[in-house]
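Two complexes follow with subunit A in common, the first pairing it with subunit B and the second with subunit C.
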Partner chain A sequence: MARLNVNLTRMVLTNLKRRLNTARRGHKLLKDKRDELMKKFLEIVKENRKEREKVEKMLMDVHSRFIMARALMSDTHLEEALIYPKQKVTLKASSKNVMSVQVPVFEFETEGQGDRDIFPYGFANTSGELDEAIIALSKVTPHLLRLAELEKTAQLMADEIEKTRRRVNALEYVMIPNLEETIKYIVMKLDENERGNLTRLMKVKDMILEQAHGYKKKMTEES
Partner chain B sequence: MHKIAVMGDRDSILGFKALGFDVYPASEKEEAGELLNSLVEEGYALIYITEDLAALIPDEISRYRNSYFPAIIPIPGTKGSLGIGMRAVKENVEKAVGVDIFSGED
Partner chain C sequence: MGRIREEDYAYATARVRAVEVRLMDDNKINRLLNMTDPQDAVKFLLESGYGADHTDSEKKAAENIEVLFDDELKNTYNFLLEILPSPEPVYLFMRRYDYLNAKLILKAEFLGVNVLERLSHLGTIEPEKLHEYITDRNFDELPEIFSEAIHESIEAFNLTRDPQVIDLILDKASYQNMLSDAMRYEDPFLTKLVKKLIDTANIRIIIRTELLGQPEEFIKKALIEGGNFPVGGSQEFSGQNREKLLQILNEAGLEKLSLKLAKAFENNHGISEIEKILDDYVISYFKPSKFAILGLDPVIAYLFLKETEIKNLRLIITGMVNKIPAEAIRERLRMSYA
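So, the complex of A and B:
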């Protein structure tokens, strides 16, 4: 691991220790966030898959009904029948906060005569198949909306999880080891300096004693 | 108040009109891309797009992927499901988890 390029001083050491502490705390928090996000994400994505399968099946059914209707009616009649809708669908979109990810919540309102009468046409020129197709389609709508909500949520959460995971890994495998190594290096260097200083002092002391008393000579004579 | 749009070929989206969704037929690549961008500018929060059309303009769609609005949701058209929607779900799982942990369940 690369050592950080810093000065070998006590002050830098204190700062680095503080940074290491923060990094460790951040790492722990981010890890918790990642785990929780993952838990939520898996729930959502499971539902997402189920809902999508359901919607796709239902929509295929609707399409085949429409094809039947189209086969039984002329194109002009069909277009004419559907051209002016009776209902108006408006969407109310709000947002929800899931682990600091903003996810959408969709609610929709249909304006019109209610569920009973959704056909925007008279029954004279249209076939029964078209009615069935429209009914089937109106049943898909709530699922379609739920699907949209789930899918967008899953998308946003997947991005957030990826981001969080990168941060966790960067802290765990780069930032924290770097800091640890730098701290270790500074401590060792400072200790080494200290030892060097000590030996120097001892040496100087010896030299001074030698000068003052001829200490060394005495020692050798005695022994 | 937001609106819902449905994009796709005429046959696939005709029925949605009866339910009060705003439908926008498109079949060509350039046309679809421009249409999508203009729909987003108009403030549609939710855009359903048929899979065969979505297959033509993946770049435009992925541009709105990370933004909170709009949600662009692929739906199967009359030609049947192309698996694009499912693949998107799969990609999400792969992105978040690293591998598609649900692949064995089909």
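So, the complex of A and C:
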């Protein structure tokens, strides 16, 4: 462990002790934050996996229906039918705070007369299989947005967990041991100084007494 | 326009009889269905005469099967125009692509995108010209029904901002145009055929609007008049339309079709089975044409059989590319030869 390069004074010692206290409290708080983030992260990952499986299944269904519609209509017919979407979707993107992480929140609103009003083409020259594909696709949209929200949240939380983990480790394995060692060293040095002072004082006392009473001289005479 | 005599079709009938043997029969369709590699299927099509006009057809076909089908259809139309004494019966069906292009041009214009390259070349009007007419709002060169429909759909779109109204108006006008052309041509075979096409379009609309729970006003706007069974006036469709539809078909003398549709409703296999029944119903109209010695019937029958063949081939190859089970493809295949 590296000792900090500080002056070996009581003031510094007091400051370092204060810093150590703060570091220990911060370490505990960050550790709690990391644990809570992990808990939330695991919940999100679990939900994300479920949502992804659901969305993938739904998209496969949409894909197979579109393939069938595509197989029954020429490129130009399909292009004409789908070029101009009938339903407009407004996406509102905001954010919310989860354990000091700003995670996205997507809300979407559709303009139109609801689920029945989503077909931008006439029914005389198009295949009915296209209707099924469009319905399936419109059902998958809210799930896709939820998945996007979850995946981004998981990504942001993973970043925050990583940052917190680094901070916890830095406090646990670097800052706190360094402070402890420096404090120990300063205490040791100050104690040593103290002991040096005491010895010096005793010596001075002896010298003063000697000067005043001449004990040494008397002792020599007596003997 | 005076009616053309049956004898005038002698040359056209003979030419059609010579080429119709090259249409894909059940054996060829089964061979294609058993293939697993789309490249093999394309080779098979090239061997069967598809893309014969292109030197680089193999490469082209492998890249985009749709180009091959479009070219084949274009060749078929050109062939029929070449052999018929009057182009009108072929123009009647080619105009469907003018309407398709018009819909695409209008939607693209309202959306602010360029679709010139994606327009169909199968119509009677060059796509570039049609694009120019519509963009400049110069409808003088277009048939009256067509120009009125374009004008109406522009107005309706500006009022509602709903792209579906463009399709509804132009689809309706497309069938009305076909019917008026057929009546002008004074050929009962052609008129009956167009009426059958209107019937199948109406049945498709009625069933799909019911399945999708579309409101009554929508059905009223979408249905096309001029078919064999009435759709306007007292025959208003709303809510549970199936029973009413079957009853009306029976009353209009279309019992066989009604029976097949009733069975499909019972099977509840979805819209695909119903669409197949409707397409097969149109193709079955050409059965007697097989035995006709002279006349327009074999020529138009050939056109429809070719279109159906292309529809079936597109179904098989798209299914093959996307690994759709052969059974799902087989049950959607249209009657290939009457």
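Note that the second predicted complex is superposed on the first by the 204 of 223 C-alpha atoms of A that agree within 3 Å, B and C clash if a C-alpha of one lies under 4 Å from a C-alpha of the other, contacts with A are read in each partner's own complex, and residues count from 1 in each chain.
Just so we're on the same page, contacts are C-beta pairs under 8 Å (C-beta built on N, C-alpha and C of every residue); 3 or more make two chains touch, one makes a residue touch a chain.
Computed from a prediction, not measured in an experiment: that's the story for all the values here.
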{"item": "Partner chain in contact with A:38 - subunit B first, subunit C second, else both or neither", "value": "first"}
{"item": "Partner chain in contact with A:127 - subunit B first, subunit C second, else both or neither", "value": "second"}
{"item": "Touched partner set for A:77, first subunit B, second subunit C, both or neither", "value": "second"}
{"item": "Which superposed partner A:199 touches (first subunit B, second subunit C, both, neither)", "value": "neither"}
{"item": "Which superposed partner A:7 touches (first subunit B, second subunit C, both, neither)", "value": "neither"}
{"item": "Which superposed partner A:158 touches (first subunit B, second subunit C, both, neither)", "value": "first"}
{"item": "Which superposed partner A:104 touches (first subunit B, second subunit C, both, neither)", "value": "first"}
{"item": "Which superposed partner A:89 touches (first subunit B, second subunit C, both, neither)", "value": "first"}
{"item": "Touching partner for A:67 - first (subunit B), second (subunit C), both, neither", "value": "both"}
{"item": "Touched subunit A residues, subunit B compared with subunit C", "value": "B"}
{"item": "Residues on subunit A lying within both footprints (that of subunit B and that of subunit C)", "value": "67, 70, 79, 81, 83, 85-86, 119-120"}
{"item": "Subunit A partner contacts - residues on subunit B that touch it in the complex", "value": "1-4, 11-12, 14-21, 45-46, 48, 65-66, 68-69, 71, 73, 75-78, 80-81, 85-86, 88-89, 92-93, 95-97, 102"}
{"item": "Interfacial residue positions of subunit C with respect to subunit A in the complex", "value": "66, 69-70, 96, 100-101, 103-104, 107-108, 110-111, 113, 115, 118-120, 162-164, 167-168, 170-172, 174-175, 201, 204-205, 207-209, 211-215, 222, 224, 270-272, 274-275, 311, 314-315, 318-319, 322, 324, 328-329, 332"}
{"item": "Contacting residues of subunit A [partner subunit C, same complex]", "value": "64, 67-68, 70-72, 74-77, 79-81, 83-86, 116, 119-125, 127-129, 131-132, 135"}
{"item": "Touching residues (chain side subunit A, partner subunit B) in the complex", "value": "38, 41-42, 45-46, 48-49, 52-53, 55-56, 59-60, 62-63, 66-67, 70, 78-79, 81-83, 85-93, 95, 102, 104, 106, 108, 110-112, 118-120, 133-134, 137-138, 141, 144-145, 147-149, 151-152, 154-159, 161-162"}
